[in-house]
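The following block contains the structure, expressed as structure tokens.
Should a chain be cited, it is by its letter among A, B, C, D, E and F, assigned in written order, with residues numbered from 1 in that chain.
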Amino acid sequence: MRLGVFVSYFRFNTDTYDRLRAEKLGVIFVQNGVYHATVKENGKTSPLLEKSADFYALKEDLETNGFKSSDVDSRVKVVTFNDLVDVMFNDYEKLVWL
Amino acid sequence: MGKLTIGSFTSLIGSMSLDFAVKLAESAVNKGYKVDFWVSGNATMLGKKNQSKFRDYSYLAKTVQDLIATGNFRFCICEVCAKARGIHKEDAMEGVLIHSMDWYLASCFDADRVLHIGGE
Amino acid sequence: MAIRKLAFIVDKLPHKTETSRLALTHAIASQTVEIYLEDGDNVEPFLVFIGDGVLNCVKDQKAIDIYGVTSLGMHIQNALLVGLNVYVCKEDLEKFGLTEDSIIMDAAHLGGELKTQIIPYTEIEKRVEACDHLLFF
Amino acid sequence: MGKLTIGSFTSLIGSMSLDFAVKLAESAVNKGYKVDFWVSGNATMLGKKNQSKFRDYSYLAKTVQDLIATGNFRFCICEVCAKARGIHKEDAMEGVLIHSMDWYLASCFDADRVLHIGGE
Amino acid sequence: MRLGVFVSYFRFNTDTYDRLRAEKLGVIFVQNGVYHATVKENGKTSPLLEKSADFYALKEDLETNGFKSSDVDSRVKVVTFNDLVDVMFNDYEKLVWL
Amino acid sequence: MAIRKLAFIVDKLPHKTETSRLALTHAIASQTVEIYLEDGDNVEPFLVFIGDGVLNCVKDQKAIDIYGVTSLGMHIQNALLVGLNVYVCKEDLEKFGLTEDSIIMDAAHLGGELKTQIIPYTEIEKRVEACDHLLFF
């Protein structure tokens, strides 16, 4: 299956996230999830980025929280709401919000 | 073009998940998709009429009404969730549908994509 | 004529917030969905409890006595009663030291025949893979 | 006997923090304490009139009204938080006070204990 | 100071909890916080119980979630709402809800 | 004649939920609290950002442009403008690799004189110890 996973929290129990598998897996950071794409804690990037997946971060939510595209980890693609609709319809068939 | 069904529980203002969901719906409708938007739990507050606009509080009522006016957007609140919160038929905004939870499942039936926004 | 399978996945705790409860009430609402659909069409929801979500299944929840609100346990019994499949992750139960004896396994006292199914995570994955839409609560 | 001031933001029904807070207030009033109960954010929903009682939804409106009737319990909703959610003066339950946030701080001023229930 | 700390979550970022210090510290498990007093994960009790503090768990919330007093860790005292009011007024002067 | 010190402590993130915002709006409401109090009595709130809460202070938040709602940054400037002390935990800023340059340090462009104070956690503890009531958001 092609599965798109929305992550809206920075702090959450990641047991479910860690377990999710799919032929094609996408992780979309929105709301406070965007901190996974931008901040380092004690110099370390988010462990969520270690999963084998395509990563996206919502531009509007990055900016809401004071970040620019240049602050985003190189593994993460910045998308707008407009882009996100295409990602949802073209790249994934099932979507979940953790 | 396909149909997107969005379901959300999270409260108006107190959570910005509903702001996210409304903006996503708007983008999808603008691109020509049909969107069904189901709100239950605290999200039913978004169906209440007479919400006031202040700078310190997000305000989604206008966008929802504009989207309803396009004809490609259905907005439905959970009847019993709303009543439990004191939101009855006469308290609802114009154009808002009020149904039982089965409406949401029926919408999922012929949806091409479903985004169910659970959480707290 | 089509059946759409919907996976209702609960990985959060009961009672503090409304999410687990809404998973149950929405899934049970499938009983009346046909009024919106054409003859022969239907949805088939099933419930999955994983991670912390397995704690929703613990027996003897007193929410109705204390807070006057249906417990998650009562909702799970209702789900079994109307014939919804309820899957609970074996490994996650074990992680919390729970067994068949500690959780709600049936609604026999209400005349229900269906039982809660404790299955390994790999089996849950197969069922999730086979469904049409995923709803995480 | 002293005074307890409770402040809560969390939503009606969607969160059970408000159920906890109302039960705590009830116990304190029964023991002879005075309680001020401030609700802002989504918790202002608890001040809405015509909430319906269903088994699947917690129902606090009656307890709040009984507590107000004791004379040792003041229940105040944040005016602007409520208006943003479409809850205006005419939508409020009887006996409910409506003030700005400064009311809460004033209540904290002479409170012996303050329990501020933040969180989500 | 005498500080009473309410814990209503099972999963939360415990950075603040870990840092809190007081001459007399009380931790009161309510709502889903009661799982800290009752469940073991992989055989281990909650790390929150390792803090030097007096622990309480609310009886009503234990029962709501299907637990009895006999399920509660021996370090934790079970209290009712009624008891809790006394604890708040007699044993602690400042209260926080994490 | 008494002054009650109230510590408003923010350890959660901005924007997703309303909690951080309510910390700021409630603290700022102290400007008008005297109407309820006797002459000479007052409350003195101060704001503390610790843990994840320090991320509320990051500059250039565009919440107003994107979601039409005041950003946490704007609220912090308002707090400084009305003369509330704003303390930010030094160690937590450093943990996230943030500096004075990355956060809101003043409301100078609005005519404010007060500056954000970056102080070690032990200093925050002293201020919290000295306050009458603690409000965690």
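In this text, a residue touches a chain if its C-beta (ideal position, glycine included) is under 8 Å from a C-beta of that chain, and two chains touch if they have at least 3 such contacts.
Since this is a predicted model, take the numbers as computed values, not measurements.
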Path length in the contact graph (chain D to chain E, fewest steps) = 1
Request  = With centres defined as the mean of C-alpha atoms, identify the chain lying farthest from chain F.
outcome  = C
Note = Relative to chain E, largest Cα-centroid distance belongs to chain B
Message = Averaging over Cα atoms per chain, report the distance between chain C and chain F in Å.
response = 43
Query = Roughly how many whole angstrom separate the Cα centroids of chain A and chain E?
reply = 34
Query = Using mean CA coordinates as chain centres, what's the chain B-chain C distance in Å?
reply = 25
Remark   = Flagged in chain A as touching 2+ other chains are 8-9, 11, 13, 31, 60, 95-98
Message = Could you pull out the residues of chain F that touch at least 2 other chains?
response = 15-18, 25, 52, 67, 133-136
Request  = Spell out, as numbers or ranges, the residues of chain D touching 2 or more other chains.
outcome  = 9, 13-17, 23, 41-42, 56-57, 59, 114, 116, 118-120
Request  = Have a look at which chains touch which and call the overall pattern line, ring, star, complete or other.
outcome  = other
Query = Name the touching chain pairs, please: which are they?
reply = A-B, A-C, A-E, A-F, B-C, B-D, B-F, C-D, C-E, D-E, D-F, E-F
Query = What part of chain E is in contact with chain F in the complex they form?
reply = 1, 3, 13, 15-16, 19, 21, 94-98
Query = What residues of chain C sit close enough to touch chain D in their complex?
reply = 15-18, 21, 25, 64, 67-70, 75
Request  = Enumerate the contact residues on chain A facing chain B in the complex.
outcome  = 6, 8-9, 30-31, 60-61, 81-82, 84-86, 88-89, 93, 95-98
Task = Provide the residue numbers of chain B that touch chain A in the complex, in ascending order.
result = 2, 4, 16-17, 20, 23-24, 26-28, 30-31, 33, 112-119
Message = Per the contact definition, I'd like the list of chain F residues that touch chain E in the complex.
response = 9, 11, 50-52, 121, 125, 129, 133-136
